[in-house]
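The structure follows.
We call the chains A, B, C and D, going by the order they appear; numbering starts again at 1 in every chain.
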Amino acid sequence: MSFFARFAQNRGALIGLIILLAIIVMAILAPLVFPESPWRMVQRPFLPPMEVDGFPLGTDTMGRNVAAGLMHGAWVSLLIGLVSTLVALLIGVPLGAVAGYYGGLIDDALMRFTEFFQTIPNFALAIVLVAIMQPSVTSIVLAIALVSWPPVARLVRAEFMSLRNREYVEAARLVGQTNRTIIIRQILPNTLSPIIVLASLMVATAILLESALSFLGLGDPNVMSWGYMIGAARTVIRQAWWLSFFPGVAILLTVLALNLVGEGLDDALNPKLARERS
Amino acid sequence: MLYVRLILMRLLKAVVVLFMIIIFNFFLIQMAPGDPAAILAGEAGATDEAFLRQLRERFGLDQPLYVQLWRYVSGIAMLDFGYSYRQGVPVFDLIMARMPATLLLTGTAFVLSLAMGIFAGSLAAARAKKPSGSLIMALALLFYATPLFWVALMSVVLFSVYLDLLPAYGMYTVGAGHTGLALVLDVAKHLILPATTLALFFMAIYTRMTRASMLEASQQDYVKTARAKGLKNSVIQRRHILRNALLPIITLAGLQAGQMVGGAILTETVFAWPGIGRLMYEALQQRDYNLLLGIFFFSAALVIVFNIITDLVYRLADPRIKEGS
Amino acid sequence: MTDNHTTPLLSLRHLSISLPKGADRALAVEDVSYDVYRGEILCVVGESGSGKSMAANAVMGLLPKGVRASGGEALFDGQDLLKLSEKQHRTLRGLRIGMIFQEPMTALNPLMRVGDQIAEVFEAHGRLNGRERQKKALALLTEVGIPQPDKAIRAYPFQLSGGQRQRVMIAMALALEPELLIADEPTTALDVTTQAQILELIRDLQRRRGMAVMFITHDFGVVAEVANRVCVMRHGQIVELGKAQEVLKHPRHDYTRALIEAIPSNVIPEARGAETDTALLEVVGLNKVFRSKGGLFKAAREVHALQDVSFSLVKGETIGIVGESGSGKSTLGRCVVRLERPDSGTLKLSGTDFMNLQGEALRRERHRVQMIFQDPYASLNPRHRVGYAIAQGPMASGISKAQAFAKAKELLALVGLGGTDDRYPHEFSGGQRQRIGIARALAMEPELIVADEAVSALDVSIQAQILELLEELKQKLSLSLLFITHDLRVAAQICDRIIVMQHGRIVEQGSAREVFLAPQEAYTRELLDAIPGRDQELANA
Amino acid sequence: MKTPLAMAIAAAALTLSTAQADEPRHGGTLNTVIQPEPPGLVLGMIQNDPTRKVAGNIYEGLLSYSTDLEPRPQLAESWEVDDDGLVWTFQLREGVTWHDGEPFTAEDVVFSADVFHRDLNPSARAVLDHIESIEADGDHTVVFTLKQPFGPFLLSFEAGTFTMVPKHLYEGTDFRDNEHNDHPIGTGPFKFENWDRGTVIELVRNDDYYVDDLPYLDGINWHVIPDGASRAVAYENGTVDVLPNGTVENFDIPRLAELDNTCMTEEGHEYFSPFAMLWMNNREGPTEDKRFRQAVMYAMDREFARDVLWNELGNVPLSSFGSNARFHHDGLDPYDHDPDRARELLDEMGYDGEEVRLLPLPYGETWTRWAEAVQQNLREVGINVRTQSTDVGGWNQRLGDWDYDLAFTFLYQYGDPALGISRTYLSTNIERGSPWNNVGGYENERVDELFNEAATAFPDEEREALYHEVQEILHEDVPVGWLMELGFPTLYRCDVKDLVTSGVGVNDGFKDAWLDR
């Protein structure tokens, strides 16, 4: 069975993929559909959805087009989710690989370091980091990455530990491959599937984290993100439900889709490994 | 004896980690822009140089950094966490005053999420191929994907405003003067919304984890053995599958318990729950360094305590750890 | 024996079992009919994939998800098991039909005490009260011969050895004195000596209780030990069915004959004289201790894996290292290829001190000793094409990519897999992968090859082919081989000399013929005696 | 002198007039909210807004002020001044006791002003600079002698600025570590009862209050609820009856105001008259250019901000003096919303698109939205704005270090230009480290002269002329952007009567309040 066929066997995953693609398309089309800045105040404030043509989702507290914000926000939320996950992988994968491959003292030291990061409550640390660096896309991405790499490191370490004594790794050692080659060419490719699955969930978590930060007022004020929209709508939730509802649903759908896709990836990537392991 | 040794060892490790955390946070917080004295002065709406000097001297902020650090660390060794700049009260007292509320909230949410999650997860695993099982998983996914604060807001609107069933905020009815059982019930009533909100997300995690873990456990040989014995399916599920499936959940729960303290920040803010999560956010805004450091210290300590408890529970649950390596 | 009962206890009639869509064939078992009578042991023999266990699972009602009986019937005492509801089936399981499995390590719940797990059988069928159950469990443990049963009853599975666990499984299966016992490869995961004991136990219990036993195995040696009747299966169909003695002595079907012949015989080939006297590998006083990491409050534990091991191997010679699990034979092999570093002693390869090489120097010398691994599934990187898997060794030692790949192609052809260099490992069978593993080792043009249980994971017929290949390569390339195995017969067949190890020490060493036919040490004799079906074969010889 | 004009809001006038019709009744505990939670309650030591609100009921000053800022007797029964405007004599009320039973005397006044505030209170120090001596004359007379006439002198005795602290508890101690700080002792109508941090501050009736019959309430509970939406819910479900200004987000006010039995007043902030401004860094960057600053004024749609963000409460200011400030000049050309004019000015100065950083005020949603609106306004005339989000600490730091281009702020006017307005423009008030002085770095000798002269000029007619001249200069120079005179509405149940009776609103309002239930 091809990879996609296996993936598509999981109906949820297929739905997730479709939602995700739709959101991506939304993000890409945003500048075409709404060429004007989503910050522009274009109608009277608190316009309910479907009341005036061109404002299917209504307007917000200052008369900005919610639909425009939602589409432009898709871009920002996805970007923050993706980039922060990438950065977290860049920290976590090498760290976990080295710790798991070499073991011993190096592993001890690196794992103490990881534990140390896990001892400080994630969200609290993220808040402090953003507050210290002052809110901006860069600082938010960094903060999210800094609090989300430890699980990556642990996962990669565990995978490396279980793979480092695999016979094909020992064979590679015996033919005189260097440690670096063994780590990169022999072991790493075989840890990719759990990493990919984890990464898809991390993107989801990052989007949630960004929205929580924005909710506390720690978002980047120059970009329209979903978290920002909910945060800004929080105070008017009683008179304008749609302001927090639509971005809330957008986050929910995205996170949902990413999770479903993650599950599908897991299904698609793992049976082969399971067969090979048995 | 074994446990004593284990706990001693873990505590020793904890001291090292906590020490690192103190140092790390100390420098981290120093990097934050904004001088606490200036913020206090700013709040007052008027300031002059004398006023700032006075405040800085009082907090020891006029000293070089290493002196401040040394003072702080040596203070902690004697359980002296210094004074809150803003509130002028010993940090230790402030935190201790708020700690019970946080423990109550996170503890309740923790137990709730774990119990419900394991229950729902095992149900979903038992009905893996049936619509009811899929429904449980769909709900779990929904709870997992919904932002915590959004649930909090919505539940306030629904349960407090429209239905008027539950109090929307606070820990007890101010001015009601409840004592004894009445107070307990009053607090319990206030606890329902925040604890449930906080628990939902974690419940979703445990549900999914329990299901996955149970499905994996049900593939094991010993389950086949159990079936070969002629045991009832329900007994197999409970005694053989669930018990083994719980092991990874214990580990996860230990990790999550620590994160709950962080997650409580949002919940405490929305529900005006007087816990340390909220105190932390306020302290950060006000650059109340001593207080912030103290809270970090205690929440890290809390995480470590949770981890140790997890370890012990794991040991109780898995006989292999006790004697083996 | 007592096979003259008129009605069989279990009777399979035209049983077919279908596999889920996407499997390699439609039916796991196709139109199979055989009977099991009270008081007999029927062995169902076949290689992996023959469908030999499926019928048993159908009888137990334990077919995996997606697999179902699609035709025929399975009559147990006149009742068609295939038509039972799950509840009805459940009341039979454990009570009238007992089953034991292959993996004693995983077949017991790791979190429950042994006694409780046995007591569960009574509970499942509402027999006895709590205290009586424990008493009965103790009696059963005593009956299956577990040392210190009063302690074992409170033990957790991990505290018992593999053999002891299998005894616990047997105790559990026999708790309610079932009429039929199904044993699914119950000894395959055990050491030879333990295997012999368990086989003895099963035979003994069967006789005492007059049970019917359906014994599933891949090993004709075991068949010779225990079977009254044999049913040989291949690709889901019965190849041959008959009395054990007849089938063994006069196999009618080619496949059966091939299987019996594939068992390494007791015919020991003459040792070839060593080509030179100069030692290629010199091992003197080798020691290796494994220490579990101690902590501040925890005592370190030590396992002496190798104790004062000395031997030497001359060029062109094949030495077999034989021992049971825990004998240190694998550690020795890993020390020789320097995947482990010995603690003390001398390890010289053509005069070079191979023991004290470290880091970069070691890496550069590694090509001189190569290894063939046990598990054909784990020894190839699933992400690499096999051509690359073979070529990467030469490339690491500086040979150009083109040359390395050309060489890989050549070697693949040499091991009988020409033209397959651009395929991935999962496209090959176990035996083929083992050939690739051999090609990979050869690519480095090593002075010495260590084969660590290189054939023990393979089916007998495949095993024979690989051994043949090795023999052929030995002749062609005059290889020097260190052949590590738990199977004395295999060793005797391919090795010039044999070293027997136990508890990290060398017990006996000598020429294959000497060791096999005239063992000097008690332990060696014990090992030889434990080989299932040996008496049988010797009688045949 | 122009009489400060009370905010003419129909609703407010209506509620006040109906309230006074009934006969006050005793009893009941009033629930209200406080946001944020005050750091402490010793008013002499901390003068931030939440402390003032709560502790204003515990402590008192010598005078209080009506909603049109006329001084009224409080602890001082009467006062007089000599003809030069230099010697002020206050007659203290007799029979006043502290909450611990000790009598309140002139010694307490001298200690509070001369020792306690001089040491701890920067805003009091600004007034003390004008004072030559403070002396007690017997137990009930205090004489203040000024160095020169000081126009706003009589406006300085509000409880928040010059609160009276008990000498017998504080003299000779380390004020900040005094054990009584945890249990503040004042002379006010309510006594401190309990503070459950993070939850509630409870005050109870002072039965020995010197005004017979007062207060009517048995106590006040100040609920601590950190989230704005939760505070609104608390009001809706009846847990609290009064929402003092700034405790709910502006967006919520129209909705809450329409609830049953809900009244709203904008009175009670006259003393502070909060004035929102946009700091513009006069030292460097595009904002150094007067034309750029004028362009910013034209670019901003302040009417929109008032109507949409502030729910039509408040007033778009003409210039540097609030419309109800003393000596306000109303003859200046308004800076209307005129993007074209703004673009012209930018073209004229040759603005090249250099990035301009905008610092919002981290005081809640309305301010954040406002910054977004201004950012958009400025972008639309071609100014390249980047908003820098920050928290209170960062905001203080940036302003104190002058590390900004444009920054939101709001300042209290304290009833007199010499107290609340001049501090923003005087070049002598440029000093690093504080966000409350002349942060913009505006320097104009003539402006300095005019402000200084006006502060000490006597009588008021003379001050008015000077202040009008200064307003004309400032209007042209635009040292800061004048955004809005903020309306600070208080929401309450209509059966809470006589809630706002002074120019500091609920800060001392609960003295007269009663429940019509």
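Throughout what follows, a contact is a pair of C-beta atoms (placed from the backbone, for glycine too) under 8 Å apart; a residue touches a chain by one contact, two chains touch by 3 or more.
As the structure is a computational prediction, the values presented were derived from the model and not from experiment.
Student: For which pair of chains is the number of C-beta contacts greatest?
Tutor: B-D
Student: Centroid of subunit A to centroid of subunit B, CA atoms only: how many Å?
Tutor: Roughly 23 Å separates the two chain centres.
Student: Using the average of all C-alpha atoms in each chain as its centre, how far is it in Å between subunit C and subunit D?
Tutor: 87
Student: Please compute the C-alpha centroid of subunit A, do the same for subunit C, then give the distance between them in whole Å.
Tutor: So the centroids are 46 Å from each other.
Student: From the C-alpha centre of subunit B to that of subunit D, how far is it in Å?
Tutor: 40
Student: Among the residues of subunit D, which ones contact at least 2 other chains?
Tutor: Where subunit D meets two or more other chains at a single residue, that happens at 229, 362, 390-391, 393-394.
Student: Residues of subunit B that contact two or more other chains, please.
Tutor: Residue numbers touching two or more other chains: 32-33, 153, 161, 269, 284-285.
Student: Hunt down the residues of subunit C that sit against at least two other chains at once, touch-wise.
Tutor: Within subunit C, no residue touches at least two other chains.
Student: Judged by the touch rule stated earlier, which pairs of chains are there in contact?
Tutor: After working through each pair, the chains in contact turn out to be A-B, A-C, A-D, B-C, B-D.
Student: Looking at the complex, which residues from subunit A come into contact with subunit D?
Tutor: 37, 39-41, 45, 61-63, 131, 134-136, 217-222, 232, 234-239
Student: Name, in rising order, each residue of subunit B that touches subunit A in their complex.
Tutor: So the residues of subunit B in touch with subunit A come to 16-17, 20-21, 24-25, 28-29, 31-33, 141-142, 144-150, 153, 157, 161, 255, 258-259, 261-263, 265-266, 269, 277, 280-281, 284-285, 292, 296, 299-300, 303-304.
Student: Can you list the subunit A residues touching subunit B in their complex?
Tutor: Within the complex, subunit A contacts subunit B at residues 112, 115-116, 118-125, 127-129, 131-132, 134, 204, 208, 211-212, 215-216, 230, 234, 237-238, 244, 248, 251-256, 259-260.
Student: Under the definition above, what is the set of subunit D residues touching subunit A in their complex?
Tutor: Residues 228-229, 232, 249, 251-252, 255, 304, 308-309, 360, 362, 365, 368-369, 371-373, 375-376, 379-380, 386-391, 393-394 of subunit D touch subunit A in their complex.
Student: Report the residues of subunit B in contact with subunit D in the complex, numbered from low to high.
Tutor: For subunit B paired with subunit D, touching residues are 32-36, 38-52, 54, 58, 86-89, 94, 97-98, 101, 153, 156, 160-161, 164, 167-172, 174-175, 269-272, 274-275, 278-279, 282, 284-287.
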